[in-house]
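Presented below are the structures under discussion, each in the form of structure tokens.
In the two complexes below, chain A is the common chain; its partner is chain B in one and chain C in the other.
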Partner chain A sequence: MTAATLPAWQKRRSALNHDWLKNRFIPALAKWLNLLDDEVEDPDFELAFLRTVLPQWAERRADIRALLDDFEWQMSPVNLLPEESDDWLIGLVHALWLQRRPVRCWVDEAGGRFADVNRAYQELLDQLRLEEPHEASAWLRPLRPAFARFCECCQRLARCLEVFPSEIRIP
Partner chain B sequence: MRTLRYRVADTQNDDYLKDLVEIFDTLGLRTTGRSGNCDIILAHRTTDFLRQAERDSFLRAGGLYVEYTGGGAPWKVLDTGRYYFGSFYELTRRLRQLTPPVTKKALVLVLDFVPRPIELLAAVTLLSQGFLAVQHSAGALDSKDTAIKMALEHMGWPLPADHPGRLLLRDDLAGQLPAVRSAEWWRKVLPDASSADRVRQEWGAAPLRELDELLKTIEERETVDDAAIVAKVYLALVHRLEHES
Partner chain C sequence: MSLPPLLPRLLIVDDLFGRSLHDRRNEERASLCGQYLLEDVTGDQVQRGPQQRIKNPIAQAVFHRGQRPLRARVGDLVENDLEEVLRVIRSGWTEPAAGQTCWSLVLLDLCFHTGSVTDASNRETAGMPEGQEADEQPQHYFGLQILRAIQQTMPDLPVILLSSHARDEVSQVFSRYGALGFLAREAAESPELLRDFLHRHGLIPDAAGLIVGQARPLLIALRAARRIARARGNVLIRGERGCGKELLARYLHQHSNATGGGRPFVTVNAGALSKELYGSTLFGHQRGAFTGAVADRVGVIAQASGGNLFLDEIGSLPPEIQAGLLRVLEYGEVAPVGAEQVQKVDTRFLSATNDDLDLQAAHGAFRSDLLDRLRLGGTLVLPPLRDRLADLPALVERFVREAEARTPGALIRRIDPDALDVLASYHWPGNVRELAICIANTVCEYPDVEHLVPVHLRLPAPVKGNRPPAVLVGAGSAAPVDQAQGLAELLARIQAFSFEGQRREHLIGKLPELQAALAGLLRRCLHAALELTARVGSSGDGPLRLEVLIHPALKLLTGDPRLSAATAADLIKRIMRLAPDDPDVLPADPLLREAYDNAQRLRPRKPRTRKTASETDG
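For the complex of A and B:
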């Protein structure tokens, strides 16, 4: 590798995947599952979960989608070329990168996991709408499988996002 | 030789803990409990860092102390020495360079290394790719030359007929032949003697004859004709860049 500074894409991934998804959102989902299982008690968290924690996915998902969409060009070795390089050279260097690394496989795989999370989230919302409007965990216990599925999908997405390289590399 | 001992302080990230235990198992290091003597302590910076007094006393006793974070922090050797900070990714990448039996000196070596920024070497590598691909497209390469064959193979050139990357290629790639043979094209990246010196500096290791020759050609001549030299430079540079990453 060779970029002297940390690529902006890597900083974004770090903020989204490490700081938020892995270290805040997934642990909160896990805590909620424990709460549904009566393994922990936290009345404040119980009240806040549906209002402020769960909707964070809807707030952040566009950023994750953008992260995936931006990967190919922001982490391409064309970023190591001097500014105002010839167009043909930029195309060539990028094409060689696509040839030597499974760039689009990484993005497609993560895109699939991202879609899984969205599906699980929507299913969860659909089931929540059918429930009585009550935020107590006891009432929501029947929805545990849907919460667990959502949490599992988030974990898979987080693992998938870790696979992307964190440095700009020569193809 | 004494078996080195380590301790991981991370109560939040089971996956990090698991990775480190796996690496140290492979390297033959033994873990210790909180009170046991050890040679290296690795702690998650935000949650399990050592208090200053404990850290200072451990460092004074000759221990190595690493604080890591899951984010993308650049690797740092902190002023006190033997005190390191960086991303978990970078930490494990460094540890995986070790082979058993691991000595403390070897540990210090991989942790102490702070990479110099490499920019021009990367640019020269990419120009070499462009040069070779254009020469090949124009049918101007000696296909029997070993270095040229190896370089093209490494680049993955030519792209397979159905490769999506082909859409990014200009139809008139072969038409760029006069441009890439012109030293002026290379001089856009290496305009003067000082930039050539910087390339040599970034290369750092024992001088590479082919690199010197290419730099001299770019500096002093009008054309860059010797594809075999460019191929050799390309192979040496990618080897270096791949090992630095």
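For the complex of A and C:
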């Protein structure tokens, strides 16, 4: 038995992981790495990257953290029970779900990846602060390893978020 | 001079990257192109300010939204448009524009968002609708509908899924619908992944320029060769005469991971070997193994160990050699003639034939167990030229430039479109080799012209039957319709011709005329044999050139399979010296000239000739 419509959590994940992280943020980071490697020229993007692209992580990370925190209860099969269900039944169904599916492992794993991204982001910011306040990519080439590390962490987080089920199922 | 290799051409069908915007460029698309190093050639980008430039693009990309309208504003209803997607795909697949290849790969998104464009959805991503629940459900993915339609109508089209959604959800379905792979949007090392997909699945021309052409049947053969190249299995290459089997073998060798980088590529023409030389040539021999074996000789199989051996005309291998070859293929051992010990080899056989070896095997003329081993790694089939006439302009360009470079004083000429039309109307039974010879002759005969026009072309007569009609043009094209019948009639007339009763005045000065006619006839006959047995080759990465093979040509002409190479050279020199006026002046025909040069190299001593009456008298 599954829910007839897409759960709200799945919609949030779709907006965050597919629409933003995978389709926009990671391609922009990957393009930036190619720009640092002198494979790509894009003066507009070069000017905009540090000001508008990179800070998107700081703007969105709270949403991603909330997505992880909400998963256990929003995707629990208790959401399929009638509203008037007894507390013992709700507790039993949820416990069975936790027992049969590695729900908390998924969340912990994704939480670890999320923390990795935050750490890589902070390291990147620390290194950027040491640099002169300019935006020319040539001057930022020494920071390429830090940008690459941040990009890899984002890629791992995106893959990790994909592992979560997209439907609510009775265990 | 060679044309620059074309970049592979991708079609990316995706609602996010394919959408066009009214007043600014699609930043998501620009990022994707920057990520995968693609040159955007869609032509719908808003030109404002400095644009993105990819310095060394992997491929060109055309983007299509797959929906209508392509440019959506707030309030518009966005709907999937299967009919239009298929039209766009088909147009670049079956009828690519001039100078463009067909789609090398199609990258296809899975989930397409539909519905109304609202203020909120437009603010989040310009021109995108808010989406409906069914869009996100795997069983309703529009990408899978497109994939299914492609499978039904264009099954050869290589499709890779490019998606941010989970592969597991659709892996079984996309395999069933014929997709070749799945490229995750967030993939690390994206350019390398795309390069790898293009290498394995893409229909891409030969970037090295060894094989000229971008017609779909050729590109499919090249892809098959690249796929096979990575393994070490023996490969059988099939195709009509003159369609470039050796070049395909070289291409395969160049794409062999294990065999590239200086590993040997050895060629041998089984059809040109005398019976006595088969064993020695293939397996080698020890000194004293037979009369004339004055030193040890390493056979071609051992020479090619670690690399590839190209064995042309494999169908002409005699039975006893087939048995010996079977042992090599089965045990990886070679026994040189006269040797007591075997030698281990690691040689991959790339065999070529235009014979129907299955038929020969069915009749017992070719060992079926050998045939199985020769094609264990796969069979490649090269298309005939008539099935890739789209490549004619590029091939003619290449051959004209090469012929001009070979012909002293030849002018650089433009190729008239009418001349291409004429060439395209011929059915080319001798395929690319025949075209190369035709062009070489044309340039040689008309070195001082600046335009290649139909009147310069000499094409043989059309063949009766269901072949495409040939167009006869140029001087001397009035050849008999049935060449074999015409030759038989000519021979009969010569043999029956009598000079009895001729009046004295009719015979005055006829000997030089008869000699000249006979010399011309024999040279044309020799030319035909050289043409049939020549091969198009190249030295390493150098340009293509015709290689004249005098030994097989004279074996063909004499009908004597035991004819020695020395006798063949002597015969060629005699034919060349038959002309009465000035026997040292060789014809302009490049094939005959090269044959004569080869014969002189092989037999530098002049063949003994009878002294003329005047010499005797003197």
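Operating definition for what follows: the second predicted complex is superposed on the first by the 170 of 171 C-alpha atoms of A that agree within 3 Å, B and C clash if a C-alpha of one lies under 4 Å from a C-alpha of the other, contacts with A are read in each partner's own complex, and residues count from 1 in each chain.
Simple rule for what comes next: a contact is a pair of C-beta atoms (placed from the backbone, for glycine too) under 8 Å apart; a residue touches a chain by one contact, two chains touch by 3 or more.
Just so it is clear, the structure is predicted and the values come from calculations on it, not from any experiment.
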> Quick one: chain B and chain C on chain A, clash or fit?
Replying inline: clash
> Which partner does A:Ile26 contact after superposing on A: first (chain B), second (chain C), both, neither?
Replying inline: second
> Touch check for A:His94: first (chain B), second (chain C), both, or neither?
Replying inline: first
> Which partner does A:Arg119 contact after superposing on A: first (chain B), second (chain C), both, neither?
Replying inline: neither
> What is the contact status of A:His18 with respect to chain B (first) and chain C (second): first, second, both, or neither?
Replying inline: both
> What is the contact status of A:Glu152 with respect to chain B (first) and chain C (second): first, second, both, or neither?
Replying inline: second
>> Between chain B and chain C, whom does A:Glu41 touch in the aligned arrangement: first, second, both, or neither?
In response: second
> Who does A:Arg169 touch here: chain B (first), chain C (second), both, or neither?
Replying inline: first
>> Output check: A:Gln10 vs chain B and chain C. Expected answer is one of first, second, both, neither. What do you get?
In response: both
> chain C has the stretches 26-34, 80-88 or 404-412; which one runs into chain B?
Replying inline: 80-88
> Both chain B and chain C touch chain A; at which residues?
Replying inline: 5-6, 10-11, 14-15, 18-19, 22-23, 166
> Which chain A residues qualify as touching chain B in the complex?
Replying inline: 1-6, 10-11, 13-15, 18-19, 22-23, 77, 80-82, 84-89, 91-100, 104, 166-167, 169-171
>> Quick check on the complex: what are the chain B residues that touch chain A?
In response: 12, 70-72, 74, 87, 89, 117-119, 121-123, 125-127, 129-130, 133, 155-157, 159, 163-166, 168-170, 172-173, 176, 179, 188-189, 237-238, 241-242, 244-245
> Which bits of chain A are touching chain C when the two form their complex?
Replying inline: 5-6, 10-11, 14-15, 17-19, 21-24, 26-28, 30-32, 34-35, 38-45, 151-152, 154-155, 158-159, 162, 166
>> Quick check on the complex: what are the chain C residues that touch chain A?
In response: 16, 27-28, 30-35, 37, 49-56, 111, 124-125, 133, 136-137, 164-166, 169, 184-188, 190-191
